[in-house]
Structure formats: structure tokens, C-alpha cells
Amino acid sequence: MFKFAALIFKNLGRNKVRTTLTVLTIVALVAIYSFVCTVTDVAKTMMTAHSGDTRLLVQEKWSLPSLFPVRHVPKIAAVDGVVDWTAWNAYAGVVGEDTPIIAGLATRLDNFRAMHSGLEDLDPAILEAWEKERTGALVGQQIAQQIGRKVGQTFTVTSATHPGKNLEFKIIGILPSGIWQLTFFFRRDYYEEATGDRELVNAMWLKVRDAETGKRVAATVSEMFEHSPTQVKVETESAGIARFSGHVQTIVNIITFVANVLLVNMIIAQANSISITVRERRKEMAILKVLGFQPGMILALIVLEAMLVGSISGVAGAALAYATSELNASGALGGTVTILAQFPVPAAFIVRGFFVGAAVGFAASAIPAWNVRKVEVAEVFVRL
Amino acid sequence: MPELIVNVEEVTKNYQRGAQVVKVLRALDCRIAAGDFVALIGPSGSGKSTLLNLIAGLDRPTAGRVEVAGSLISGMDEASVTRWRTRHVGFIFQFYHLIPVLSAYENVELPLLLFRMTRARRREQVLRALELVGLLHRMTHRPGQLSGGEQQRVGIARALITDPELVVADEPTGDLDHQTSEEILDLLQAVHESLGKTILLVTHDPAAARRAERVMRMDMGQLIPESKAAVLLWSEAR
Amino acid sequence: MVPVAYSYRNLLVRWKTTLMTAAGFTLVVAVLIVMLAFTSGVTTVCAVSGEAENVIWLTKGNIDEVLSRIDVQTARQLELAPGVLSDDRGRALASRELYMMVTQRDEKTGRWEFMSVRGVYENALEVHTQVRLIEGRMFQRHCRELIIGRQLARAHDIRIGDRLTLGRASWDVVGICEAGGSAFESELWGDLDQLAGCFHRRGIYTAVVLRTADAATARETASYLDGSRQVAVDASCELDYYARQAEQTDLLRNAALVIGVFMAIGAALGVTNTMFAAISARTSDIAVLRIVGFTKGQILAAFLFESVLIAAIGGTLGSCLGYALNGLTLETAMGAKKVAFAFQVDAAVLSTAAVFTLVMGLLGGLLPAVSAMQIRPLESLR
């Protein structure tokens, strides 16, 4: 088919207006599709159990917000199979009068990178700074923007969760784009000292060697506190998230529905364009047949043309989405759109855009191309 | 002196083709009296279409005056000329150019929609026009359901519906077989004789040109009045 | 005016193309309606939740009662606020409440779900007058009994006499209540002390709700303790509190509009494509109309009408599809809460969708209509 590549490319240029309009339509739809899919992809990734799930979440078994005694922590950490652990205490409040409530997590410093998803590659210099600064806080990009502070500056939180215990923090680093946009981390020791809360903890994370060990550890820990006043629940990271996501299932379903509708929309839009084109080119199809083109070849020409348009548009649309996402993250759009920052479109989506576009082109051209195979030479020549 | 329906004086028309200026009409004079049946012949590129455009008010001369049905149309703005054209000029085309999705009745009625008229009044006129061209029995049919000759009849009815002073027929038989052409030409002649319409017939067809009372020949942007005999000689020589 | 028949019959003749182009609008409208009906439904739940006479106190800075922590001393102080009504025994009509999200295993599906549970005392119904028992009775003090909101009961098929496991204990469902479609219909209510004991939350409340005579008094009461350094609590009129919960759907509404705009651009470009093709196939029609005497403006209007008609066809189909969802009840997260809501395809939702459709139909058809207008008549016919 490559010898016909010139013909295919030339056909694209025959009606530049139509080709441009079709391309723009698909670019627009693929761009928004990229954003929507990023949300569903993140949700799916978080919700799917990984066979190598080696992180366990320990929480109070029955209620939210989870609270269990801090004396449980060393017992849990000592369970055979637990390779590493950290604990979280939630601390939330407002900065000044106008900012929305921001959520902080007090945690261990020494194994911070290892124990937090997506932060394994955090700059070691930041951790060094954190070690030196007791009130240090690692702040999500969105929070930094909301409170209007940069690295090196301080902020004071009027606490909503610990009434009367208003803590001051110094920003020692900004967290990368992703799920931690609306969180800030600070040191456990500072939390305990400043709030006086040495009794309770909200959650614990455990690292285990492998999934099998994880199951064993989970069972051991649950059983350990079976008859304790405070029961705990241990589950893998993805199971925990899946349980939470059941909470937002309706929204996830709506977003998935939207993503599917967008695909259908693209196919119909391109199918429309191709049908019009094919109708206009009936005479040419007849002439190609007279010249010796087999029906299958004529079909292939149309399908390839559609896939070419689709894939170019798909790449452009995905690239547009990626570029917008990056500009948003860097603040170049004049303010940051939260949901975009929380679900950044990855560069890899550009490749996916290519395949989505090509698949759309294929699906859109299937029926019109199949119909045009049946063009009767005689019928068209009479009109000529 | 008979009343002039068309009075074209010293008209020049030039077109810009890139850097070049193409002179299509050169100081052309043309007069058509009321009630005339005139055939306009000439080779391709002689300027027939251009002259037709000017007389119909579809274009403006580079220089000169164009007066049709008592109005100086070369001095009018586009909106005024459009309004004027509906009332004073009827068109018949080689390829009929009926609106495919409208019935014969609706195609004929089309120009009347631009007038303030009751539906009943419109209906009366349309039926009369269709009767004149012998197509009352086909009035609900769409162009796709009519033969070439029938479509041209509808075209003629449409051209006459606003009772224009001038009827311009641009190759009306160009797409028809011999017999049907004769029928259409008969009809045009009847329209001329019974309704006293002024007809300007642009044609390549000598048989059609023969039906006219007067023949004008165009060549290289100029009009050359010729006798009928000369026309016949010309056509036989081709 | 160019006859309307000219426009719609052309759409009929090319019905496949018309439908495919219209489908773009159908999809925009359907998606918009689904998303907007969702936010409208959730907003409605919030709008009918709360009473103008009630004032809700939470720990300072909290917008949601889940994280709020009010101790007994502070609660006592709040009950002394001016304007608070008294019951017939002279006690302040103040409802101390403990709100939690509790994990519960649905016996029927086997899935673990979060349920909204509110610990209250018997005077809660006198403070929350919109909550009424419609079946069974109120739970008894010091007993492990629950009353359940109508929506929650329906969603999980829970009836009076059912036994639910909350935490380690079993609780009997003794009553079903309705609350005007508000968030309370998605909750379980039980004895506060029993719940606090079960979930290790003794001595704390998440909220204190005070009943006053009217909205004006409520506002005054809310400003009691404003600026106090001794207690760190915030008050809102209950209606305002729930209205703020609805603001959380703003994100989804904005996302819906952004998605709608992109899809509408796609649909508009689709109509542009179709109309350009239609016009190029109908240049002789347009030329004839011009020669016969129709003005450029009338030609423009005819083709704009045609593109708007395509949009309207698609939009109407989409509205019908979207409307099929009206009244469908589901549960969703609202902040930390889980509420039942009904998709609400109301006039506002439908008119937003209609405006989108018509504007994009017009914009999409504009360029082609302008090009139709520019057709030079006699040249097109030759």
C-alpha cells in the first residue's frame, strides 16, 4: 500500500476545508478525552489490586475518621514480615481568613520517601533540609498556591481538627504534581510536641516483602486486636483505596460514561465526514475500478486515509492536552486549575492518542468504505 | 420610436486576471425594443455571458450605461438591483436549475414569495403559469420526477410568474433532444406572441436562432447585427 | 424569506448525513444533562437540608462536621446562647450530635460500605423538625436501637426489625423517618452515648445544633461567641451549612461545562463540515435563488436556519435521552458524607443544554452560510 501513499496524502489535500474541520473536531474531542481518561486511569490504577502489592494500610476497623491508640504501633511494627512502617496523624485547618481548609499529615521523616507512593524520587536535599528544620513542611503545589507561599516562607494553621493548637510551619519543599497536590507533610515529633497528642494515631502504613507475606501480616495484626477495645483493619493499599472509591463510585461511573461517549462522538463525526467525501468521489471510484483497482484496494484507500487523519488528529489532541496540563502545573496559565493539577496528563498519552485516533479512523470509515466497494461502473458512467 | 426595453450605451467591461487586465466588452451598444424577440449568438469567449450579466443586473460595467425596463441599473446598489430584477427580468437556464426538493408548483411560486401577496393570490398566478406551459397535471411532482422538457417548462413558468418585461433565455434547448427543443421553442414563441414579452435568447443552436425576429452576433466583445441569412450561412459553415 | 420547506426537505433528502451531524449534538446534550442533573440533584438535597431556625456549631475552621470536635464543657456553654428555645421542661432545645462514617457489611451484597451514622439524644426530633418518623418508633435511650432515613432504607433494603452490625455490636432498626428529601434521609440515628461508647468517642461531639424562633434570631445566635478566645467554635445557620456542602459539586459542574464546551466545539465543527458539503452540492440552487431575487441576507438566514435545525434535532434527541434519567436515585459522596440523591433534569438543566445546542448550531453554521451568501450566481451556473 505504500506506493499509494502519495495518492492517500493528495486526497487529504483535495478538500482542505473539510480535512481541516475533521482534524479540528477530532483534536478537540481527543484533547478532552485525554483529560477524562487521565482521571479514570488514575482511579483504575489506584483501585486495581497489584499482584506485587507490598504496602498495607492499617486503620481503625469501623469508623471514620480512623483513630487508634499509639501503643498499638510498636506491636504492629514488630510483627514478623513487616519490613518498614510509618504512621499518619491528620492535622487540618485554615491559613488566614480566606483560604479553604488545608489537610496536613504528620509522619516519620527517616523513611519518608520509601513509604509514600509517588515520592520515591524526591530530591534528597529536601529531606536534608527537613531534618534540620523541625517545623519544616513539604507542601503540595496547590496548597502553596492557595496560601500564597513559597519555599522558605512560613505559615500558621488555625486548626480545625485540634482546636486551640495552631501550629506554624516553614516550607522546605514543594511536592511534585500528582495525588499529593492538596496535602502537606510535616514531622511527627513536632506534631506530638506541639499538640500534646501522644495517645492516638490515624493510620499506619506497613511495608512487607511480598503479597503473600502481606496477607499473613494482615491476618496477624487483625487478630492481635480482635478483642481489644479498638479493633483495627489491615488491607493492601489498593484495597483500601477501592473501599474509599466505592464512596465516589457514582462520580467515577459518570466520568467513565463520558469517556465512552467521547469515543462514540469522534467516530460519528469522522464517519460523517468520510460519508460526504465518498459520496462526492463516486465517479472517481468507478474510474479506479475501470483502471483495474480491486474493490478491496479501493476500500483500503479510504480506510487508510481515515486512519491517517485520525492518527494525526489523535496525536495533536493528546499533545494539546499534555501541553495544557504542563502549563497548568507550572502556573503559566495564570493560576492553577486544581483538578488538572491532581490528574496531570502524562506524555505517554500522546502515543495513546495516536492509536485512539487511528482506531477511530478505522471504525468511522468501515461502513462508508464497505459501501463504496459496491459502486457500479455502469451506473456512474451514465451520469458522466 | 418603439419603447426600448434594453438600452446599453458605450459599455465596457474589464476583468482583472492577476496583473493582467482582460477587456471583455469594448464600448458596446445594444438596443432591444419592447416586444422584440432577439437571438444573441457568437463563439465562446465572445462576451455573451458578460453582456447577459450586465443586462440582468448581475454585474456592473467598468464604463457606460445600462438601462433596462426604464431603470438605470448600472447606477444601482446591489440590494436595489436584486429587488428590481425580481420584478423586471425572468430567467430560463440551459440546465433548468430547479430546486430539487421543491415541487413544480413550489418552484414556480418561489419568486412570488418576495412580494406581499396573499396565498390565494399566489396560487391563482402559479396555476395560471403552469396552465400556460401545460403542466398543471404535474404540479405536485418534483424535478427528479419530470423529464427534461417538463423541467424546462417549469423553468419557463417560473421566469414568467412575476410578469417581467424582459425574459432572458440562456441556451434553453442546450440540454434537450431535437423534438423537445422544438416544443420549448414553440412555447417561447407563444409566450412572445400571446403575452408580448421581450425575449433575449442566447444560443448556439441555429434552429433556435431562426425563431427570433432579429439576430445579434457577438465577437471579441463587440456586437455585430446580422441578417438571418448570414446566420444560416455561418451555421452551415461550422 | 426562503421557504422553510427548502431547508428541512434538504435535511430529509440527506437524512443519513443529517442524523450523523445531529448525533454530535445529541451526545453533547446527553452528557451535559447527565452531569448537570447529577449536580442539580445533589444541590437539591443540600438545599432542602437544614432549617432556617437552626444554628449549627462546629469546631472552628471546619466546613464538615466529620472532623469537628466539641467537648462537653464547650457544648454546655453553647447551650447558654441567647435566643435558644426551650422545651416544655425548660431545657434548652439543643441537640448534641456525634456524626461518624461507619463501615458496615451489607448482608445482602457482601460488600463493605460506608454509612452515615448520627448519635443524638431524644430531643433531636424537636430540634430537627423536618425529620419525622413515618414508620415504627424512636429509639430508646441507652439502647442499641436505630432509626433509619427513608432513602438509606430504600437503597439498602433495610426494614424495621432488621439487625445491623455497627462496629462490634448489633443494632436493631426500630423506625424509619423521612426528612423532606434532605441529607438526613441518608443517615442512621442512634443513642449518642451508646454510639460514643461503641466507637471510643466518649466526651466529644461533632456538632451542637440549637433551635431558635426564626431565621433572624438564628443569625443573632450565630454571632454569640464571635471573636471569643476561650472557645474555638464556629456557627452557621443550618441552611448555610448545607448550602456550603453543595459547593463541593461545583467542581463537577465546572468540569461538566468544560467537557460540554469541547464536545460542543466538536459538534459545531461537524455541522460546519456538513453544511459546507451541502452548499457545494447546492451552488446552483443558491445561484437560482439569488437570480430570482432572494437577497444575500435571506440566503444566509436560510442556511443558518438549516444548521440550527440540525442542532435542534440532535439536541432534542439528547434531551429525551437525558430526561430518561430524571428521578433516578443513587448514592454519592458529598464531602465526607454519603447521600442519596435523585438525578434532577429540571428547567435550568434543559435550558442550559438548549442554549448550548442552539449557540453551537449557529456558530457552526455561520462560516458555511456566509460562503453561501458569497456565491456569484451566473458564474456558478456555468
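For reference, chains read A, B and C in written order, and residue numbers begin at 1 within each chain.
The criterion applied here is as follows: contacts are C-beta pairs under 8 Å (C-beta built on N, C-alpha and C of every residue); 3 or more make two chains touch, one makes a residue touch a chain.
Here the structure is a predicted model, which is why all the values come from computation and not from measurement.
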Touch-based graph of the chains, sorted into line, ring, star, complete or other: line
Interface with more contacting C-beta pairs, comparing B-C to A-C: A-C
Chain whose mean Cα position lies farthest from subunit C: B
Centroid spacing, where centroids are CA-atom means, of subunit A and subunit B in whole angstrom: 69
Rounded Å distance between subunit B and subunit C, as computed from the means of their C-alpha atoms: 66
Distance between chain centroids, defined by C-alpha means - subunit A, subunit C (Å): 25
Residues of subunit B defined as touching subunit C within the complex: 49, 52-53, 56, 58-59, 78-79, 82-83, 85-86, 91, 93, 95, 97-102, 106, 110-111, 113-114, 158
Contact set on subunit C toward subunit A in their complex: 16-17, 20-21, 23-24, 27-28, 30-31, 34-35, 38, 59-63, 66-69, 100-103, 111-114, 117, 166-168, 199-200, 232-233, 251-252, 255, 258-259, 262-263, 265-267, 269-270, 272-274, 276-277, 281, 330-333, 336, 338
Complex contact set, residues of subunit C against subunit B: 1-3, 5-6, 9-10, 12-13, 284-285, 287-296, 377-378, 381-382
Parts of subunit A lying in touch with subunit C, wherever the complex brings them together: 17-18, 21-22, 24-26, 28-29, 31-32, 36, 61-65, 67, 90, 92-94, 100-101, 158-164, 229-231, 233, 243, 246-248, 250-251, 254, 257-258, 261-262, 264-266, 268-269, 271-273, 275-276, 280, 338-339
